[in-house]
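Chain lettering (A, B, C, D, E, F, G, H, I and J) follows the sequence in which the chains are written, and residue indices restart at 1 in each chain.
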Amino acid sequence: MPDYALLESFPTPSETPFVIEHIAEEFTSVCPVTGHPDFGVVNVTFQPGPPSAGGTCVELKSLKLYLQSFRSEGIYYEAVTNRIRDDLARLMSPAWMVVRTDWRGRGGIRSVIRATSGDVPTIWQK
Amino acid sequence: MPDYALLESFPTPSETPFVIEHIAEEFTSVCPVTGHPDFGVVNVTFQPGPPSAGGTCVELKSLKLYLQSFRSEGIYYEAVTNRIRDDLARLMSPAWMVVRTDWRGRGGIRSVIRATSGDVPTIWQK
Amino acid sequence: MPDYALLESFPTPSETPFVIEHIAEEFTSVCPVTGHPDFGVVNVTFQPGPPSAGGTCVELKSLKLYLQSFRSEGIYYEAVTNRIRDDLARLMSPAWMVVRTDWRGRGGIRSVIRATSGDVPTIWQK
Amino acid sequence: MPDYALLESFPTPSETPFVIEHIAEEFTSVCPVTGHPDFGVVNVTFQPGPPSAGGTCVELKSLKLYLQSFRSEGIYYEAVTNRIRDDLARLMSPAWMVVRTDWRGRGGIRSVIRATSGDVPTIWQK
Amino acid sequence: MPDYALLESFPTPSETPFVIEHIAEEFTSVCPVTGHPDFGVVNVTFQPGPPSAGGTCVELKSLKLYLQSFRSEGIYYEAVTNRIRDDLARLMSPAWMVVRTDWRGRGGIRSVIRATSGDVPTIWQK
Amino acid sequence: MPDYALLESFPTPSETPFVIEHIAEEFTSVCPVTGHPDFGVVNVTFQPGPPSAGGTCVELKSLKLYLQSFRSEGIYYEAVTNRIRDDLARLMSPAWMVVRTDWRGRGGIRSVIRATSGDVPTIWQK
Amino acid sequence: MPDYALLESFPTPSETPFVIEHIAEEFTSVCPVTGHPDFGVVNVTFQPGPPSAGGTCVELKSLKLYLQSFRSEGIYYEAVTNRIRDDLARLMSPAWMVVRTDWRGRGGIRSVIRATSGDVPTIWQK
Amino acid sequence: MPDYALLESFPTPSETPFVIEHIAEEFTSVCPVTGHPDFGVVNVTFQPGPPSAGGTCVELKSLKLYLQSFRSEGIYYEAVTNRIRDDLARLMSPAWMVVRTDWRGRGGIRSVIRATSGDVPTIWQK
Amino acid sequence: MPDYALLESFPTPSETPFVIEHIAEEFTSVCPVTGHPDFGVVNVTFQPGPPSAGGTCVELKSLKLYLQSFRSEGIYYEAVTNRIRDDLARLMSPAWMVVRTDWRGRGGIRSVIRATSGDVPTIWQK
Amino acid sequence: MPDYALLESFPTPSETPFVIEHIAEEFTSVCPVTGHPDFGVVNVTFQPGPPSAGGTCVELKSLKLYLQSFRSEGIYYEAVTNRIRDDLARLMSPAWMVVRTDWRGRGGIRSVIRATSGDVPTIWQK
């Protein structure tokens, strides 16, 4: 089950703002209605908070283990997206963050969900 | 024939605004003039209304069945696009919505129609 | 329902062997189990029989109407493929023919079915 | 020769603004200097005028015939683009329109010409 | 765990030989060494045995459930491929069959494994 | 109208066999039934006859003008293909030749026609 | 050597503003340090000045000859880009212009240079 | 180890602002935790400072050698990106600069890091 | 330096012949003449020897470490390819094997080298 | 002018047969009729002769300089291809060789020429 405790972070290495994008192409969870697996791509883009404000960056291996913890979870697309957004925002206190999940879909319809945290600049909203 | 009653929705799961995109790649209806089938892709992108304002999200399987209900309907490109926009706006009361239909075309000309509801942010208009 | 009577042909225009490939990218039928629509591409490749042996070529518009006649038919992938092969072989008496159907699939699995008539040269079998 | 009389239109089917894009991938005319044929793609994108203001939408088959009427015309890229813009603006009185022609080119140089009518929103200008 | 009992089949619908290709793009199992998930595409191509010889075709939904049964299994690439080949050959008695697994890989190396059953024609071996 | 007299050739420049492929991506003719233009790609591949046997190679500019001479001709796909094959075989006496026409299609069906002259090696037949 | 005298122009054919893009995919010059050839794509995009202000458009064939005149010139990427921008601005007096050169590169690094003239609208700057 | 001394520059060749983009597709460094190599693409985009303000442009061959100096360095993605940004900003005093590193990734997650210097125009920030 | 001792193997898991393809997309070595790094993709395809004949399969992680051992080696394309072929053939005693290296190239020329061991079936030779 | 003396070679490094493919993507020569430059890709694929028979491999840098020596030469496509084949066969005495030139073309027609030396295996002929 999704496990916040798996996430680790390190202090943002620079006061100068920069942008990080992590693209996890092998995400899978389970549809809570049918029990069939869902497959998707999770994209996390954020400007880390400055170290002087306690901002941190998620550690990559811990992010991988955290995303793997959804593997047996029965959970909707929207809930996956909001959960990741909430957990990573809590972990890192980013200046802003966008979590986008892009699902392979079912029955001829595929979906893309975007959830945000903070004041996302216009060019990063899409 | 297109059937609004097939659509179901669930309350928006979060007060925080987010954006949902459903891409139905297997849409087909019938040309009202020639009787030949038309094939296209229907893209529905919207920011659900907040639950506190009664906003809802369309349920995926009901969306599939609703789109299938156009299968034997003789209807123009523009009417398909406006009808889907009207039905989904009535169902969900979204903050904003874009319905884009992308048709395979006939006679060397293919068409893309975009209809909107509410105040669509600039970056989502195209 | 699939209707052989819609098919028309014209005499092969040359005694010299040649190869024709028709690719119908907008095929749709209905799954006999679930009632949901199936979408696919139908590829018909053949060497027409020589006119001296009564060989003919399927007329393009009649092929379109024939393929449209599957639109409301509940029928399996294999049966679609074999039915088209049987009807076109009966119509044209080709030297050889390959009918390949390439389906968009369901539940993460897509399928390709190949049925043949006559002695297909090796390079055309795949 | 390009023939405005071939164009037909129908009243815009909705007061709510929407955007239509027609992409004609099989356009050909003749170079007035060399007499060799030119090949290109014509893209017409517009927001139809509202029906209350007499706005109309070009009918697709008439658009096809109109574009075919350039087939034997000796005419420059710029003139093709401006002519289509002028004729369609006169026909439809759109809120705004962009005509883009994308040519296969000659001698290692290919060209793209864009002509507009009305006040085109920024995101549609390119 | 991989479960042969999930597989169902139906009699080959035609005496005339034909070829079926099922492409499962959402396969996942677990690396037995690291415990990390593996992701891949499973391609099953076969010529069904003739019905007169008891040949059958695997039923699509049962194939999906069977492949899902590897989801929590710690198993090597080669073993996945051979296991699927063995189970499907036992189920269907095909004239010939190729099982190809195409893995996303780890550490900059991705792998493709091919296992066969029966006398596979040359053009289908790759 | 298609004009053989436009074709010019030069003696094959080498006794050693070699293979030439000309790909004309801007071919257009007219459908004899509907009067609408057809668009396609013409591929001519051949091994020129040796100069000692009077073999020649088609001159490129003359090939362009010859293909342009179909521009106003009402002619079927098969006839275009066979006509080009016949004219070029008569002009060049090639060791072997394949003429492939690949059409953009109509009504959702596109076609590819292959006509040959002489004893085409297997790998060049497709 | 680059030769301004090769450039010819014609009066802008319309008072209504429009945008022209010429893409020369076969540009080559010589590296002044190593003497090795450089290969690139030159993109010239501009809004011609209005005819009432003496604005002109570069003639295509003269543009081709002008770009060919760099073939034996030893010249840096930046100088090529600025030289073309200067020569074309002098020739045409455009409302605005962007010259972009996109080089195949050397030693694993490829470069793109953009030079402008006049007040380029934001959407055309990249 | 990363060596600033390898970098060389030349005075910006024009007072008129322009934009340079260098794309190094063959970058490699070493992961400081696992010791395994990392592979990525480094994109450096900048508007050189004007020569009147002492602005310079990095010399291409020296940039190649500088980037090669990371080959044996154990260093994190973020540190690579910030280090390159700092060294090039110090060297050139650009009007603005964006350094983007795009990594092939590990364990199914790939990353993109963007660091900037100066006041980057909106369209160049992504 | 390339180190055979890094390679490990395990007994072929099945007597039935099958084919394994490992694709290492992140290979780098050093040019022995210029000292500049070379980058390429290494593809190893083989049919493992049967276990009854002592055949083995290379272990994936050891293959990764072995390929990394070329990182600082000054070595030509041909030598890399032959060395990998020799080391893996010695390790595994495969029924047959193809090692293909595909290099990014230098100075506008890229190269592909193929070395083999044993009697490679025709369809695997290219 | 094309200069054989620029070519250098080294002894084939192995008695075991292998295949080398060099792809020069930046070839240019001049059309002897119009004087306009031609651009193409030159692919040289060969099995070097064994060292015991005096077989050699062309040295890469010398191949680059040799191909650059066509830069100002007025020469037909066929002559370029045959000349390269003749010069490299003379230099290397390969077991077999294929020289393929793939030209960007003129007037809507592009060409591919293949010339060979020795007994080329079937799979390498195309």
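Keep in mind that, in the parts below, a contact is a pair of C-beta atoms (placed from the backbone, for glycine too) under 8 Å apart; a residue touches a chain by one contact, two chains touch by 3 or more.
Note that the structure is predicted; figures quoted are calculated from it, not measured.
**Q** Please determine the option from B-C, A-C or D-J whose contacts repeat those of H-I, over half of the contact pairs being identical by residue number.
**A** Same contacts by residue number as H-I, out of B-C, A-C or D-J: B-C.
**Q** Please tell me the distance, in whole Å, between the geometric centres of chain D and chain F computed from their C-alpha atoms.
**A** Here the centre of chain F sits 33 Å away from the centre of chain D.
**Q** From the mean C-alpha coordinate of chain A to that of chain I, what's the distance rounded to whole Å?
**A** Each chain's C-alpha centroid was found; their separation is 38 Å.
**Q** In whole angstrom, what separates the CA-based centres of chain C and chain G?
**A** Roughly 52 Å, centre to centre.
**Q** Hunt down the residues of chain J that sit against at least two other chains at once, touch-wise.
**A** 25-26, 36, 39, 104, 106-108, 122-123
**Q** For this structure, give each pair of chains that are touching.
**A** A-B, A-C, A-E, A-H, B-C, B-D, B-F, C-E, C-F, D-F, D-G, D-J, E-H, E-I, F-J, G-H, G-I, G-J, H-I, I-J
**Q** Which of the residues in chain G end up touching chain D in this complex?
**A** Counting only chain G, the residues touching chain D are 13-14, 16-26, 57, 60-61, 63-64, 67, 121-124.
**Q** For chain F, which residues count as touching chain C in their complex?
**A** The touching residues are 76, 78-79, 81-82, 105-116, 122-123, 125-126.
**Q** Can you name the residues of chain A that touch chain C in the complex?
**A** Where chain A meets chain C, its residues are 36, 39, 104, 106-108.
**Q** Show me the residue ranges of chain D that touch chain F in the complex, using the header's touch definition.
**A** Against chain F, the touching part of chain D is residues 25-26, 28, 36-37, 39, 64, 68, 71-72, 104.
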